[in-house]
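Just so it is clear, A, B, C and D label the chains in written order, and each chain counts residues from 1 on its own.
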Amino acid sequence: MTTLEKLIKHFERFPGIGSRQARRFAHHLLTEPAESVIELSELISAIQSTVKECAFCHRFHAVNGTGDVCTICADPKRDHTRLIVVERDSDMLAIERSGTYDGLYFILGGTVPLLDSEDIKKLRGTALKRRVTKQAGNGLAEIILAFSVNPDGENTSRYVESILKDSVATHTITLTHLGRGLSTGSELEYADPETIKNALSNRK
Amino acid sequence: MTTLEKLIKHFERFPGIGSRQARRFAHHLLTEPAESVIELSELISAIQSTVKECAFCHRFHAVNGTGDVCTICADPKRDHTRLIVVERDSDMLAIERSGTYDGLYFILGGTVPLLDSEDIKKLRGTALKRRVTKQAGNGLAEIILAFSVNPDGENTSRYVESILKDSVATHTITLTHLGRGLSTGSELEYADPETIKNALSNRK
Amino acid sequence: MTTLEKLIKHFERFPGIGSRQARRFAHHLLTEPAESVIELSELISAIQSTVKECAFCHRFHAVNGTGDVCTICADPKRDHTRLIVVERDSDMLAIERSGTYDGLYFILGGTVPLLDSEDIKKLRGTALKRRVTKQAGNGLAEIILAFSVNPDGENTSRYVESILKDSVATHTITLTHLGRGLSTGSELEYADPETIKNALSNRK
Amino acid sequence: MTTLEKLIKHFERFPGIGSRQARRFAHHLLTEPAESVIELSELISAIQSTVKECAFCHRFHAVNGTGDVCTICADPKRDHTRLIVVERDSDMLAIERSGTYDGLYFILGGTVPLLDSEDIKKLRGTALKRRVTKQAGNGLAEIILAFSVNPDGENTSRYVESILKDSVATHTITLTHLGRGLSTGSELEYADPETIKNALSNRK
């Protein structure tokens, strides 16, 4: 295999990228200024040593003066009585973008699909229990499960509830879920009965 | 114009139907059994005299023993202390399908688009005020605005609030809106900040 | 069932129409002027007696002074030496719109799907053979098979070739197929090998 | 900007990639084995020196024993009497995949959009003229213009015809275009008049 073909193979492993777009990526690099291509090469070779998983919330974060812990977890001004559990880094970023939450996070690392219970092993279930016990000592009062509203998200929710059952009872922590109702763009006529039911009971 | 062309023109006026599908509808009728086509012709000729607008909620309903009023409005077991205002018949049907509401309805007849305030004239604003005053005498305690979560729906909401301002003050009626949050199918990563904000504040 | 519900059921039988759109059609008729609804009812009741299948090409056509035969088949100025076989009326209309053909047509009445050979019975195979024999006496020189370029269309093509094999041999008729190549909107990069092969061999 | 943010910025310059997918690419690299990430970094740093533009057809090709010229242009068994002009490398690959052409290629480098005649400057118009003159000495008999069937492709076709006008006259070279007609997947009913016209005139 030539250098070009090897490079295309690497790009084909990128999430959501097929062989045609992988080839376009390679051609893109062939037409970029040489210094830009060298910079990209250097950034890629440095990425794994400059970005680490936060020891506390497990999200990827730039290595910095806060040591093993990311800037959010290290921030003493964040509200340590609340913890949101999400599937992935991108979910945490979506919540941060909303600018309405100043508590802490825990990245579970994925979902529990209905059909493949093997996937449970890849999740940070045990780490979550340890984290809750530890933060309980610092006044943790509420755990908010923030999963997508689809079968996988709901199954993940049941899984997390089951593994945290004892911890929340022992430490009198409240377990909550994100509120349901009409989301931006929802049209009443096409809303499913469950969404309308929640929108009615959450009216205000 | 031939009978076929005239028929196609009629079908082109049907909502969402272009010339190609209108032609297919005509061909469909040409291949249906004669008795079925005659029945359809008779149903169409009878529809306007057997289906009327309810004098109370303004939805279309089959003329029946309850006179000018539809079966929902005439039902003494429905909760007369609550009134949901919706844009169209189809929104009311969506709420009925959810099986979680037993109050009454009012069909506004459309939305107030941001750019075309002329459309206000087509809405039943005056009829809504009369209806509220009348039902207030029967114990109306809450009006629920149930509009789509988009610019037109929000503008319609502001319009209805403005025309009902005095009535709700006079009769101490609570004005509420459907709850917002994650709807069925929402993925956290793609949720907009407003939806996440509402999902967080409505958590439970 | 009420008149409204019966009417909605009829609209649900229209091609491509689900229950929600069927309901919208009924509501559309409720808001149309009474005279328009009556006219539609009358057009529908008259359609089967004013539109007939042409005895020659089998397309639907308005009954007129030309008797059982449509205006195209009855037109002495059309070229009787050529016959295009298509699946449906709409295919014939597409060819007429192109304004580049002045021969005659035969509507086969459908395709032969790969998986359901029962559908052959619904096609006008026997009628086509009779038609070819008859037109052969009037100088028929070429039969053009004009089917969609997909598995069903290609299977239909093989079927028609097999039933016409003897006729074309006996009467020395040429059997042709529509030319293949790049169609309007085709992008070379996404074209399949078969299309490129045909585009290359038909270059000019 | 952190290393992560810089890397994401680079990925955002990749064709068709937005900020969300750029971030996913970075996260993908964070979870890949270290040796795979290092290999990717090395391939990227080497790509511009191992892949060159062919001096003859201008496509990107791996530097190899054939010098400045790619394996296709250097192959004495390819038919040097024919030359296909395409917009991009990917078009050439599509034609190679069809396995029905063994002549040579010239990559024009883009299209001439109807609205932006500035783009002409980026194309290899002058290089194409030189190439034709040179290959004419080696028996070039036919130039095949292989552009997409859309306004930009047709405008590019007119542009190339104008710049080659004199050369083809001087050297008695035939200028052809890819054949038009029904492409794979075309349905007759939805085919435009131009495609039907070509399909009829190219029938066989």
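The definition used in the following text is that a residue touches a chain if its C-beta (ideal position, glycine included) is under 8 Å from a C-beta of that chain, and two chains touch if they have at least 3 such contacts.
Everything numeric in this text was worked out from a predicted model, so none of it was measured.
Novice: Based on the averaged CA atom positions, which chain is farthest from subunit A?
Specialist: The chain lying farthest from subunit A is C.
Novice: Report the inter-chain centroid distance for subunit B and subunit D in whole angstrom, where each centroid is the mean of the CA atoms.
Specialist: Centre-to-centre distance between subunit B and subunit D: 54 Å.
Novice: With chain centres defined as C-alpha means, what is the inter-centre distance between subunit A and subunit D in Å?
Specialist: Subunit A and subunit D have C-alpha centres separated by 40 Å.
Novice: Among the residues of subunit C, which are close enough to touch at least two other chains?
Specialist: Those would be 90.
Novice: Touch graph of the chains shown: is it line, ring, star, complete or other?
Specialist: ring
Novice: Following the definition at the start, I'd like every touching pair of chains, please.
Specialist: Result of the pairwise touch check is A-B, A-D, B-C, C-D.
Novice: Residues of subunit C touching subunit B in their complex?
Specialist: 2-4, 6-7, 10, 13-16, 20-21, 23-30, 32, 34, 36-48, 50-51, 60, 62, 89-90
Novice: How about subunit C: which of its residues touch subunit D in the complex?
Specialist: Contacts found on subunit C: 86-88, 90-91, 93-95, 97-101, 144, 146-150, 176-204.
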